[in-house]
Each structure stands twice: as C-alpha cells, then as structure tokens.
Amino acid sequence: MSGTLLEVRGLRTVFHFLEGAYPAVDGISFTMRPGEVLGLVGESGSGKSVAGLSLIGLIDPPGEVVEGAVLFKGRDLRTLGEPALRQLRGKEIAMIFQDSLAALNPVLTVSEQMVEAIREHADVPLAAARERVIAALRQVGITSPETRIDQYPHEFSGGMRQRVAIATALLNRPDLIIADEPTTALDVTIQGQILAEMQTLARETGTALIWITHDLGVVSELADRVAVMYAGRIVEIGGIDDVLDRPRHPYTRGLLDSIPAENAPGSRLRQIDGTAPSLAARPVGCAFRLRCQRAEPLCAEREPDVTEGPGGQSWRCHHPIPGGNQP
Amino acid sequence: MTRERPFDPTLVPPLVETPQRRFNVRRIRRRPNMKTALIALLVILAAGLLLPLAAPQNPYDLSTFSVMDNRLAPGERSLDGLTVWLGTDSQGRDMVSAILYGMRVSLLVGLAATSLALSIGVTVGLLAAMFGGRIDALLMRLVDFILGFPSILVALVLLAVIGRGVDKVILAIVVVQWATYARIMRAAAMVERRKEYVEAAENLGYPSWRIMFLHLLPNSIGSVLVVATIYVAHAITLEATLSFLGVGVPVTQPSLGLLVANGFEFLMSGEYWISLFPGLALLVLIFSLNLVGDRLREALDSRRS
Amino acid sequence: MTATPTEAAAIIGLEGLSRDFQRPPVLAERLLALLGRKALPPVLKAVTDVDLAIRRGEVLGLVGESGCGKSTLGRMVSGILPPTRGRVTFDGHAVATLAGRDKLAYVLGVQMIFQDPYASLNPRQKVGDIIAEPLKVHHMAAGRREVVERVDRALAEVGLDPSYKERYPHQFSGGQRQRIGIARAFIVNPRFLVCDEPIAALDVSIQAQVINLFMDLRDRHGLTYLFISHDLSVVRHIADRVAIMYLGRLVEIAPAAELFARPAHPYTRALLAEIPSIKRRRRKFQPVQGELPSPLDPPPGCAFHPRCPFAIDRCRKERPALQPIAANRQSACHLNDQI
C-alpha cells in the first residue's frame, strides 16, 4: 500500500469541568505513511497520551473529542460507532500502554488473552491460534513460550510483560501501532532489547508506529519523523534529522539543550525556566511564551499559525530560530 | 462544588458550552461539606445534652410526679394540669421528660464509650504499625482474641462480674470496641509507614511518638473515623440491649433501652406508649447518627482523593 | 568541575557491607526446620560485600538497574536500614557504636533525597511546617522569628517563594515538591546527601533545573553526594566518580571521565551502549541479551556471565573479585586480569 496511512486534521479533545471545557489536545494535524515510525514527544501535560487515545476513540468522560478528522486508510474514524471501532482496534490499529500490568487481565493466562485477541477478529481454530501465539512470543524474545503461554501476567517480569503486550499488538498484523511510553518504566538494558525487537518487527511487517515518549534519545534512535507537543499543540514536526539538527521552535531547542549529554560534564545545564502550563491555566497567545527566550510582544497577542519549511518540517512560532542553524 | 475563579486576562478562558451541550457535570452530586456534617453532629450532641432542661419534669426527682398519674394515655392531663403528650409510665413519669433524659444517657454512654475505645484502639494500632515485629505480633494477637468473641457475650460476662452502672456499661463497651479500631488503624497506618515522608522523618531524627501522632495519625485516621461514626450508633444499641436485658444502666438513670424494657410488660394490655415512644426515639437517634456518619465519610473521602 | 580531592578523608566508609532480606518463616516452616528439613524461606541477598570510601566533597554516582541493590545500599548509608554484615563508618567511626551527640551529628549530617516527590512530603502538613519541623524537634532555632527566617532562607535557596510556606504539598508540581524535600534536608546543615533517584520521576525540562540546583548547592555548601541513579547520562554529568552495581555487588569503580571513555567491565560497556543518544539516528540495535537475574537465585560464578558477550569458562565457575586495575580504578572481571 502506498500513499497516506493516517491523516489527522485539527483534532481537538477537551475535558469538561464545571466552569466549561479545556482542551487537552488543541487542534493537531499530521500524516503518516505506511511503515513509518513517528515519535510523538512531549512532557507531562503536553497532551501526547490524550492524543494517542483520541485517535482510536478511547477517551472517556469527562474527556471528549469535539473536533477534527482522523482519516485512517481513507475512513474518518470519528464517524465510526463503537462497534466498528472495536472491529478496528486490535486488528488494524493496536495500542500498547505504559503500564503493562494494568493492560493485561490478571485473572486470565497469557494464552487465553492472546488467543482471544486473534479469534475476536478472525475465525481461527483454537489450536492454530495457540500456535500463532507461541510463534509471536518467541519472536519477541520470550524463552520457552510453549510453557510460558499458560502462565499468568504476574508471573512475568516487567520487561517480559511489555513484550507480551507488544506480541499481542502484533498478532493480527496491524497497519498501525500506537505505543504510549511502553519502555519508560523499564531498565535501560531491557529497553534496548524491546526497542530492537520493535524495530525489527515493524520493518518486517511494514507496520507503522507512533511512539509516544518524553525521551528524545529514544525517538532519535527509532523514529523517521518526530512531532514535538506542548500544551496540546504540535509546535514542531519534521524528519528526525531536520528537527534534531536544525530545530526551529525554541521549545525543541530548549529540550535538546537541556539533555545532560549535550552539555559539558560538570557544567551548568542549559535549562528551560518555569513549568509547563496546566490544563486550566493556558496563557493567551503562544502557550510557551512565558518560558521562551525569544518571546516578543506579538507572542502575547496571537497564537502562532503553522509555518511550512523545507523538507516537510513545519513549526508554530512567531519568532522561530533562523534556518540553517547548525548545533 | 462551584469554585469562583477570578478572571485572569492572561489565561485562556474555558470554552463555554451551550446548555444543550453542557456535559452533565451538574449531575455529579454536590459533595457534602465536612463543615455541615460536623455542625449536624454538634447539633445532635447539644440537643442530647441540653434538651433535658426543656423537659417539663425531672424524671429522677420523685417529687415532680405522682404515681396517681400512672399509665395515662398520650394527650391526657395529669393531676397538676400538665398535658402528657406521650403519656406516662407505670410510675407516673411523663414520657416526654423520660425520653429526653433517656436520650442524654444513651448519648453519653455512646459517645464516651466510642471516644475512649477510639483513643485506645488508635494508639494500639499506631504502636503496632510503627514498631512492627514482636510488638505488632503481640498486640494483634490480643486484638484477634477480643474480636473472636461476640460483643454481647463479652459485655454480658464483664457486667456480670463488675455489676451495673453507667460507668461500668461504658467500660464494657470500650473493651468490646477498641479492638476493631486498632485493627483498622494498624492497616491504614502501615500503608503510610512505608511512604517516604515517614522515612524522611526518621532520617531527621524525630522521636517515635512524634512520627506516630503527628505524621502517621493524621494521614491514616480517615478510615477509622468513618467506622467510629457508625460505631457510636452501635455502642448505643449495645447499651440499649444490655439495659433491656437488665444488666446495663441502673433504674435510677434510665436510658432509652431501659425505658423500652420498663414498658415491655404493658405492651400486651394496650398501653403501648411506655415502650413504643422510647423505642422510636432510639430509632431516630441512631438514624441521625448514621446519617451524619455517612456525610462525614463522604466529606472525608472527597478530601482524601 | 571541581577537582577530585585526592587526599581528602573519607566521610562515609562502607566495609564489607551486606544486607539480606528474608521473609520471617511461618509456623509450618519453623517446625520443619526444627525437624531438620530445609524449609526456610529463601534469602534475598540485596547487597553483598560492598567496600567503598566516599571522600569529602566528591559526588559519587551509584549506577545500576532495578534489583541491583542500590536503593538498599543508600538506606544503609543514611542509617535507616541496619546492615546484616559489615559496617558503615562516618568520619572514621563505626555508625553502630555512635551515641548521644555523635549519633545526632551522624543522623542529621547524612540526609536523604527521595525519588517520589508525591510520597516524600506529609500531605497534611503545610510546607512551612514541614521545613521548620527539624528545627523545632532538635531545638536548633532560638525562637519563632529565627525559625521563620531560616525557613524563608531554605526556600529561597532552592528557588521557591517564601509565601509557599502556607501552602500544602498537593498544590505543587513534582519538581517543586522535590525542591521542598531538598529544603527540608538542608535546614539541618547536612554534610552528606544520599540522593536516591531524585529526578527519575520528573519531566525532562524540570530534571535539568533540579540537576542544576544540586550542583549549585554542592558548590555553595561543599557537600558530598551519593547520587543513586539508573540514568548514566545524568551521572556522567554530575559525578566525580562512578560505581556500577550488579545484583548486589560493585562491579566497577572509576573516575567518571575514565569510566565513560574506557569502561573496563562488560556490564558497564553494555550500559553505556544502551544510553539513548540524540546523535544516533535510526540505529541498528544490538542490545545485551537476557533478563536481569533474580536476586533470590543468582547465577554461579560471575553474576553477569549469562548475558556477557565475552564470557569464558572461568566466568561460570569463579566469581571475580573487585580488584584495582589501575590507579583509582577497580573492576570485577576475569578478563581484566589478562590485560
């Protein structure tokens, strides 16, 4: 399949409070091609997790997706009812969550859960489904899958459980996987293993991947493109090399500069002062202006629109970092 | 709970929604205020303690009533011209006065017993959670022992040994109830004990009693207080039962339970008011306490989350 | 970066330090043991035979993954957890033998910063009271006014407004709560801070702020840190020396620059290779294999050998001791012998 796999246009998700509604995701737009890896980067409060959930209709009250289109293989997911969405989830789009223990049913064995995932979407006999599950577990690096398949989630370590979650996501060969911080809680060496497996499997099956994280290093090693979110908006998006080497938005630049490895050991880290705004306390104009070194009076008046740059890189800033700015 | 937010022009205001689209947030019940629940509790307390002053008679003062007025039906007039709205008992005592005074005794016993049991139980629970190990094992075995017996049985046996009297009844109820508080307190305190702020307190060299009462206690008392509000009613019921059985408060200081007992023999002859009205009063008292307890619990829950 | 003190005395010494955990046996297990049957619950060796001297003024980074025992070690240093074997010394004196004023000097002199900013502050206390409490308990201030002054100063030192005294912890963000915790530790004028993953729970941009705060405070007050973290890139930035821990034992100790430039132990090498870096794009992953072994059932010989790409026969049979391999460097690997 060529062309666009996913096109998100002006997606807005709000949370209802007594005094009104505040947007957690405030009009984001991006596209994805088949087999592409997109890193969605942001800190807590940026709306990145809500964005992931919004794509496949997993937002519960008091949250609500109020605007925008999510075109997946041409169909607008927002127009689909819950039954149709449920058909889609697990088959064409799969999701991996951060807390694998919470994502797996503790009273069902792994085989029961994974077999259910297969047979929910296709008429496959039990024995054949089990075989597929064993093969999938072996592929993600779980040893002796034939015996482990009948164990319960709590009998697996954190890293193993996350692998089970990944294997489950890949079972039905989805076109898109949305992974929300799946390795954040894991040790570095285990994270390395899982990233390796994700990469191989994604390449082999041609699955597109949205990797939601706060870790720019992980995104750098895994992704083809990256979108940076702040206060519910995508403030910068582009190819991984473009954004990391030539960031145009001051927040991206600030994030990159504050990474310890990017500063001489022992020196004072270049930090971004202040804290991200909470949902109900979004500054008028550009939400980042209170922490931005490049803020101008215009930034307090109007929210910046999207500026398109070369190579598919775009950003939202009134006073962006000049192009050609080599680190 | 509508909070008035001062308008800050530098912040983006919320999206105001049309009435039809307005999410049914309003349907979320208004969380009861801790203050109103406590005020209700205080009103009940005050009523219980002060109302007897409004009673037409003092049922303990033999000179204020006459046996000639006995078993008057509700609404009749006594010999001194007093309208006995709820009738009189076999001694000629006005039921209204008897009930008001009886309520006071019931409340006194209930609250005193509960507060004492609470103090003991909470301290034991804190000690067990704070020190763990052998102390915990020892105290919890004691708790298990007490909780192994039905409360009525324990109270009966104890009162048979130590005799009748308001103070003895309170003691019996305390012996029965403290163990429950101890167990709940220990469970809640153990959760807090593991948290880093307690470890920080230890690192800073705070003495154990301080950590127990100023750090563990405020953060774990919530669940115990919830139970306590219900247990006040339980204590009153227990006292009423004991008095009804004849081992509770003495005849000279009748509680509602004793009043019900006194009137029992007259139920069959149609003089229902001597038992019924104290019984109803008991019902109302316990019901109000439970209601207040519910409100307190909800208020505490919303604070805790 | 301040020069590594070479002749500086050790402020904290760890000698043969070990800590085991064992679930207390239930009645049935105790009976069986009495009858001669081996039925006691397994012993979890969290920390084994750690020898380490932390010099005055240095920042020692302690790195390892989950289950390696670094938090347990930190708690033994701060005095909360007694060791099973071995001892901790403070200014040369064994901590277990300290009493009276000396004991207090140790208790207050070694403070801890915790990982979880949400659980490390008493939710029912106002921030001002949290920070003032140590002064009150130990009678360290002359009167109300001095208490208020010192609390204000502590708050200012960590970059918080003095008006925050009146607020409760839940009104603050994670980064701010961490600062409050630091202010509380500082008000007793400690000399040594055990920082147990102090920034792991914070957002990336806030991490930078707090790391800077740690460095400023150290420069201003001449403190010594034991900085426990699983994040090697942070440790590389802030530490003078680094110790790597695996399954309860130290496997490598070296000055930071040397450790990162020329790691001697294969586990260190693997950890370094796994640090995500924004310089690497679309990387071909070749991660270290295998799972972290359970501390209840460690592999024989060298604990790392099942996952080590360089393992030889000797590694399966004989556990390598932590030995000096160069000036100021130690490593626990048989392969270092052959250099």
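Labels A, B and C are assigned to the chains in the order they are written; within every chain, residues are numbered from 1.
Please note the rule applied: contacts are C-beta pairs under 8 Å (C-beta built on N, C-alpha and C of every residue); 3 or more make two chains touch, one makes a residue touch a chain.
Here the structure is a predicted model, which is why all the values come from computation and not from measurement.
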- line: Farthest chain from chain B by C-alpha centroid distance is chain A
Message: Quick check for you: compute each chain's CA centroid and the global CA centroid, then name the chain with the smallest gap between them.
response: C
Statement: Between B-C and A-B, more C-beta pairs in contact link B-C
- line: Taking each chain's centre as the mean of its CA atoms, chain A sits from chain C at a distance in Å of 32
Rounded Å distance between chain B and chain C, as computed from the means of their C-alpha atoms: 49
- request: Give, as an integer number of Å, the spacing between the C-alpha centres of chain B and chain A.
  value: 53
Query: Contact residues on chain A for chain B in the complex?
result: 14, 16-23, 61-62, 64, 280-284, 300
Touching residues on chain B, where the partner in the complex is chain C: 195-197, 199-207, 210, 215, 218-219
- request: Going by the contact rule at the top, pick out the chain A residues touching chain C in the complex.
  value: 43-44, 157, 159-160, 187-193, 195-196, 199, 214-218, 220-224, 240-241, 244, 254-256, 258-263, 265-273, 275-276
Field: Residue ranges of chain C touching chain A (in the complex, touch as defined)
entry: 1-2, 65-66, 173, 175-176, 203-209, 211-212, 215-216, 230, 232-234, 236-238, 256-257, 270-271, 273-283, 285-289, 291-292
Message: Under the stated contact criterion, what part of chain B meets chain A in this complex?
response: 1-3, 5, 9-17, 23, 25-26
